[in-house]
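Read through the structures below before going on.
In the two complexes that follow, subunit A is the common piece, with subunit B as its partner first and subunit C second.
Moving on, here comes the complex of A and B:
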């Protein structure tokens, strides 16, 4: 089909559909693979250490916290120095007196790692008897943790502590913990990227979880949030289209209306839509209406001007021909202008729908936060970026899929337009088919 | 200046042609142009006279061409007749009445086809009929007859982008004629076509004109085309567009492509060329400006 000699870099020449599809796939795979490499290859970047075992020293860190790679050795040294002091005092026969409060805190430090190993559950966070049991089992080698494992250093700390504790009581007894200050666990962790760049699998898992989890009492599920966001985007967009279409067509056809509307719209579009946010809340209340209104005023002036321009670009000789055939005024508008510009206006509307999506996030932040943006805002503030990314991607995917669908639909709606090279989606499906072609041929043969 | 062939005077008409032209001039005047002048404003505030003092009478069922070099204002002329532009001075009368704006009584065929791309061939031809108040069913049966007349019955449901240039122009002619206008204006209709298609289209046009009672005002810059098609030719001078002469074509009817080589044809062509380029031979002497080395056949 394609000549093997044809260059991939022939200037201003279209590539074959197969090659185009390959490149289309790569345009997505490249950023995705960069993300994977940065996330999964440990020696690339990873400026942080994500703690599996926290620290109780001067600064308290809990498991899951990120500390800088440069600071981590200082943290280790601090814990080791403290333990050396405790051990020295004990060896000298004058063990440091402990406080039960500090020692309980220390015992509870194994909780996160025990949870991730499936030994305890988050509900056991104050079940000190069970935690005491875990210490016993760890010290006696009865229990071996594997995901993640405890370092040899920490296991020896556990054995030393257990020796002290078991001498007093085999079972949990808070008052008994006052006798002697226990050795502290040594912070332990893995190289990690900053919280704002979660790994792909974390994003996928969180995305799946947030979609399948039952929402907390009084909160919206993701499905409800998505529906609310779509109503804001499409509602605002459709309202803007409803106003822009007649206005743009009339202004594009008659200079009278053009001069009457265009200068103001030109001015209006330079006033940022979000600057009207508080005003819109004052007028429309705090719920969906002001959000729709924001998308509306963000989209309207541009769309109106664009439709005006599109209308003006209609081949004037078509209008002249129609006039010499007896078409006048409204007949001219209805039978020549409107059908003549519809395919171009369809593209204008596609672009405007893209703008509507960009206004969505700002719109949902005004008044009572709602929809998908509320998740981005609250989880982002809590630095749960693994919950933020799925929402951002969801918005992108829906916008992109809608646009591709509309592009694919266009030649089916306007059959009189000259057939053009297939769009991204057409090429994609064409390409996928090309890849499977040899497989299919082989399959048919035998 | 020596001519190889001794040509008769272009004014000499055979009795048959003379009789035909006499009958033609006895018919009522369909389209009359009186003292037509068109001036344009230039961006720097001056004025340009595109057309000056044009007077013309076109009789019923006459085929009249307007011929001139590019920029002589012939397109402006036909657009004024169509009502798409207004004259600065003078007026255009159709059937004795002054025209005001474009209308279905002057069908027009443009160089750029101007078919409505969203309508099929049939719907394009129906457009004018429906605009003028025909019922959809009446318009459809009328349209099909006109499409048949231009030989495109098989393509009635095709869209313009599926047709060749020649076919598009035939649809445009059917569309202009469907309203049965007394006058059809054609603004360089074949300018965008290749020479072969152009020849075919000229023959088609003559055939159609044989069968339809319509007066044609045909704009062209092609001498052969004008002579082959017309009863009379209005020759315009450039800057400003003025009538140089109205040439009566001494060719008999029905026209056929063989006539392109007849002495009458050549004599008429020579006369029009003299009108359009009066100093042509004088300027020829100055050429070439660049001296070229002769390249023989023995180039390796």
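Moving on, here comes the complex of A and C:
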């Protein structure tokens, strides 16, 4: 068959909507698949060891922590040396006296593995009696861990410890634990990528968890954080728009206002908005207001200058025609300039809203940290990047969806401008609208 | 038929959204500084409608709360216990705790946005000389190893830092510790190159390799040790005990005006101390403290050892006006000289004005 098929690579030719949709999907799938390959193909990269059993000591490593592959043996050697010392003393008939707290900490090292095997729940984190029971069952072979399994070395540590523990007491007795220092579990883990690149499923699971988890008392839930962030972005943006619209339009129309405002705004926009952070906190306090103010001063000068420029680009023939017909001053402004530039100004606003989002992460760090940014900042500092990524993605999705929505809305608002093929999301919004259409019609009739 | 969007409707929508967003940020002026902060809250989520303020205890409901800025030092995070257990309500004092980064908390105090701030004795002097003086009314603890100079792998002593870059928050407590450490080995400030780094960023900065060492306190120092395999603490506050005391500093005018309320705050603190000193509470305390700074409880446990929480009796000793690092006065004198020598500020300060032990004393007399 030789049907003349359109080429995928025709210069300056638009692809069919079907093909465009396929490519749009791929533009997301490609980076996603790279992420998956790097995360799930074991021999690619994986320079770290993700611990399943941590280590105690001056620096406590907990299950889930990462250490470099090169450093892992040092960590192992440290734990083995310590155990050797303890065993030696015991063999010499002079066992080292323990502290009950240290031994309790040691017993709890088995907790993460017991949780992932479904033997205990996270709520058992201080349930030492239950943990003691797990040790007994592991030592006697009554319980075998499989996901993940305990290393042979650790099983032997458990049996050795249990020999000591069972001699003291078959059941948990905190004060009795003082008698003898127990052996420490040896760190064990799996190859992993650095903490800053968690695997997709880890991000998904953690994202779901942070959204559904009840926040600690007095802390904000993710929903509240999202709301607070949206107030900052849209509040700052709308305030900037409120000032920029009249200012930009008059400055674009009258040279008087242009010369009066533009030079300063041009100067002001080069001053980085975050440098005003401390000043804004001093003026507006430490809560939401300085953040709104930062988004405002970050967005205002650019938006103002853009609207001025857009106003200036109005087709002069329109003005001439109107003047010929006797239109004057404010009438001219209201009936010719404003309707003439509104579609272009709408686009300016869309771009400025994008800026407002970029200012958000800086704004929310000033004063009392708040909103989504607080999660990004705190969890990032604590290297819990599996909690950071869901938030970053969320911001991206909201920004993208808003923009697509506004793009879809544009031809509905400004019917006199040339129609443009809607994008993928635009079509989706269109679909939603069509679906609601009968409802709306019914509503209007009723 | 399609939905009709008129320009007018769009404008009305815009105006309405504006009104809503404006009402959300309104009321932040002098009259009511915080939109809707619950009386004792660590995470004030300002809400658009200032009507949803939960009613605090009857006695304190109409009063303006005392506002205290606190940050991630373990001795201050301990306030969280009183907050969670509602001990301020029980004591009948309306207190609002605001969570900040350390330096930002002092900025907020200088800007007059909070009534009190948790600072080290040294930083209170710096803040006083360069911004706004304050009065320390209670000593939480002294740093017993939690403040650290952490060097990259391969450097195992503070002498090894000679000619290297060190990431530290310039002019503040970490800087003081670094200089003390250098001095103890006969080195001077000129022997290292300071890279001004916010303390909360130090783990990443050390990891990046941009500096050879950093100065930080827990939990940041622990994070740095874990982030960089093989890094080690080459000098800690345990090597110079008493150089760093951690206090609650109050604005002088506010203290005069609300003396009785602050006395209640001090009283609540010693309830916290009693709670912490009881070994049976370790797990509960760790749970509360660790959650506040997003660290696991088992990771947090060593931090408590590096922060020596002072009991009431121990605090009374520290309040004695003697020379030497065993007294908060003596310690501040040392730090003051230090600050002048290193030109953090120009002239020595009148240290006595920075302390008021009477509220703590009143408790012991009872």
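Convention: the second predicted complex is superposed on the first by the 318 of 446 C-alpha atoms of A that agree within 3 Å, B and C clash if a C-alpha of one lies under 4 Å from a C-alpha of the other, contacts with A are read in each partner's own complex, and residues count from 1 in each chain.
Keep this in mind: contacts are C-beta pairs under 8 Å (C-beta built on N, C-alpha and C of every residue); 3 or more make two chains touch, one makes a residue touch a chain.
A quick note: this is a predicted structure, and the numbers were derived from the prediction, not measured.
Student: For A:159, is the partner it touches subunit B (first), subunit C (second), both, or none of the two (neither)?
Tutor: Touch status of A:159: no partner.
Student: Name the contact category of A:315: first (subunit B only), second (subunit C only), both, or neither.
Tutor: After superposing on A, A:315 lies in contact with subunit B but is clear of subunit C.
Student: Which partner does A:105 reach: the first (subunit B), the second (subunit C), both, or neither?
Tutor: second
Student: On the A-aligned overlay, A:19 touches which partner chain: subunit B = first, subunit C = second, or both, or neither?
Tutor: Once the two structures are laid over each other on A, A:19 reaches no partner at all.
Student: Kindly classify A:71 by the partners it touches after superposition: subunit B alone (first), subunit C alone (second), both, or neither?
Tutor: second
Student: So in the superposed three-chain picture, is A:324 touching just subunit B, just subunit C, both, or none of them (first/second/both/neither)?
Tutor: first
Student: After superposing on the shared chain, does subunit C or subunit B touch more subunit A residues?
Tutor: Looking at subunit B versus subunit C, the one contacting more residues of subunit A is C.
Student: Contact-wise, after the overlay, does A:410 reach subunit B, subunit C, both or neither (first, second, both, neither)?
Tutor: Neither partner.
Student: Quick check on my understanding: which residues of subunit A belong to both its subunit B contact set and its subunit C contact set?
Tutor: 342
Student: Please output the residues of subunit A touching subunit C within their complex, sorted ascending.
Tutor: On the subunit A side, the touching residues are 54, 56, 58-62, 65, 67-68, 70-71, 74, 101, 105, 108, 125-126, 216-220, 224-225, 228, 231, 234-235, 238-239, 241-242, 278, 281-282, 284-289, 292, 342, 366-370, 377-379, 381-384, 409, 412-413, 433, 437, 440-441.
Student: Considering only the defined contacts, which subunit B positions touch subunit A in the complex?
Tutor: 82-84, 101-104, 106-108, 110, 112, 114, 116-119, 127-128, 131-132, 159-161, 172, 175-176, 179, 185
Student: Sort out for me which residues of subunit C touch subunit A in the complex.
Tutor: 1-3, 5, 7, 10, 14, 17-18, 21-22, 24-25, 28, 33-35, 37-38, 41-46, 48, 83-84, 98-101, 104, 107-108, 111-114, 200-201, 203-204, 219-220, 222-223, 225-227, 229-230, 279, 282-283, 287, 291, 293-299, 301-302
Student: Would you mind writing out the residues of subunit A in touch with subunit B in their complex?
Tutor: For this pair, the touching residues of subunit A are 315, 317-318, 320-328, 331, 335-336, 339-340, 342, 414-418.
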